[in-house]
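Here come two complexes built around chain A, the first alongside chain B, the second alongside chain C.
Moving on, here comes the complex of A and B:
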């Protein structure tokens, strides 16, 4: 039973809150000798594995550290270019650390605003009048639940496909939002939610649901 | 955890009455002009309404209104939830786009007598703002005003609510 995260999108389509709940961390470290037997490329400001999957290091994983010093963009801490360095035999053996690439806040904002027209299209494509838009979006590794309130705020929950009770959970999250975000006099509508009380209560709620099921909240 | 959430936190209505009284008295001091106070109360109410509606929806799970009679009942339910009173719905206009809420008791005015220089003061004007703000957030424009007021020696307090239009542009996708 895993809930991966909660997103709140405002009436105008902007991401106003996100909470990564329980994303398992994937990290692999390995000693490599010359020549490197996996193919690396630079894309989206990250060095990622393009081909050559082995020992848990999968295509799509990002290079995070070389010999213990971290990688930013395509550069090492000391400013050397990583890809150039890995072409020289004298730098080997080398210790590389890979992990699943994390989404940056910018990417999350981008994806949230992408979901917005998708939702609108879905409600227009409907063969029947008065369609609610996307409520559940299913993939092999997760399910995304979306609950839109009458005022147009969307509450989205990403969870394991087998996790039950997510529709009810999204309504609970709505209650928390009404209580801890909107009753906070220093929170202004449509702005990103930075309310600690909201965050801790949400965290508690998610943990309770994961541990003992939706019937206990 | 949600147990503390679901049984609503109750406070003594006198505390609420007095707090509201303090607010109005302070506004009178700040503005001097009674008309400005009325306006200010309405504005504060509006800002409360646009937030309070989410609380109402989250708590009741109400659906969208497709009829102004529905709206009237839901407003009545709102008064029950937030103020603990049930105003009566009366005086429907023939077109069904206007109704009155009559208050026999009004917790806002429990200990209040209007002094002579405040005869134009709409003491409970915050309520008109709350209703306008809350309805606006569910894409309905209404107008709202007091026609009778117990503080002005009327027999009841009567709040008139008029439907103006649906805010079609603001209706979220998947709801129209």
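Moving on, here comes the complex of A and C:
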């Protein structure tokens, strides 16, 4: 029973709130000898695995540390270029640490605005008349629930595919939003939600649902 | 339960095949434009799913559901994309799509030397077999009957 995160998207498609709840950390450290048996490339300011999956290190994982010192962009702490360093046999054996790239806030805002047209196209391409947008989207690792209110605000919950009761949970989050965000005189509509009460109540709600199921809220 | 329509896209986004059975809502745009819109949406969903996924995904996007219909998606490792719209109560649609790929597409398109891959499928036999498979599946039930 895991809930990965909650996103709230405003009527105009902007991300106004996000809360990461239980995001599993995927990290692997391994010793490598020369020559490297995985292929690394530099893209999006990160060094990522392009080919060769082994021991939990998958394609798309980013290099985070070399021999314990962290990697920023393509450089080590002392300014050496990582890719050049890994081409020299005298630097081996070497300890490389990989992890699944975490989403930055910017990427989250980008994804939230990307969901907005998907939601609209899904209702346009419908074979049946008068259809809503995407309500549930499932992939093999998660299920995304989207509840759109009459005012156009979307509440999105990302959870494990087996987690039940998420439709009800999204409505409960809407209640919290109405109670703690909208009734807060310092909150202006369409702006990011920074209300402490809202956040603590949401956190409590998610924890209760994870521990004892949706029937207790 | 009912099946609405089927799209098959090639790796590069060409609409290889389109068929519809029970479709009440016409989108109001031409078939070509609709196919482009559909492919564009699927392409975006794929990248959306791979970014928002908390763990490494293998198959990625499986389906989405709206209030009126469910879109099921199957992509083969070669990039071929099968999209089937059904109503919300249909079960085991993934199996049906896999059957469509292995028993119809492979048999009557790939094994037919006159069928060019990556071009819209003209074969009458293929059309017939797709129709047969869909109409024989338990999901298919015309509500007008």
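Some points to look at:
Keep this in mind: the second predicted complex is superposed on the first by the 217 of 217 C-alpha atoms of A that agree within 3 Å, B and C clash if a C-alpha of one lies under 4 Å from a C-alpha of the other, contacts with A are read in each partner's own complex, and residues count from 1 in each chain.
Heads up, the rule we're going with is that a contact is a pair of C-beta atoms (placed from the backbone, for glycine too) under 8 Å apart; a residue touches a chain by one contact, two chains touch by 3 or more.
Keep in mind that this is a model prediction, so the values were computed, not measured.
Superimposing the complexes on chain A yields a three-chain arrangement in which chain B and chain C fit side by side.
Considering which of chain B and chain C touches more of chain A, the answer is C.
Residue contacts after overlaying the shared chain place A:114 against chain C, while chain B stays out of touching range. In the overlay built on the shared chain, the residue A:174 is in contact with chain B alone; chain C does not reach it. Look at A:132: by the touch rule set out above, it reaches both chain B and chain C. By the touch criterion defined above, A:122 reaches both chain B and chain C. Of the two partner chains placed by the overlay, only chain C lies in contact with A:141; chain B stays clear of it.
In the superposition on chain A, A:23 makes contact with chain C only, not with chain B. In the superposed model, A:195 lies in contact with neither chain B nor chain C. Here chain B and chain C sit at a least CA-CA distance of 10 Å once the structures share a frame through chain A. When the two complexes are superposed on chain A, the residues of chain A that touch both chain B and chain C are 122-124, 130-133.
On chain C, the positions that touch chain A within their shared complex are 4-5, 20, 22-25, 27, 34, 37-38, 40-41, 44-45, 48-69, 71, 85.
The part of chain B that touches chain A in the complex is made up of residues 1-2, 5, 50-51, 53-55, 57-59, 61-64, 137-138, 170, 172-176.
Every residue of chain A that touches chain C in the complex is listed here, in rising order: 4-5, 23-24, 26, 58, 60-61, 100, 103, 107, 111, 114-115, 117-118, 121-142, 144, 158.
Taken in their complex, chain A has these residues touching chain B: 11, 119-120, 122-124, 130-133, 148-153, 171-172, 174-179, 182-183, 189, 201, 204-205, 208, 217.
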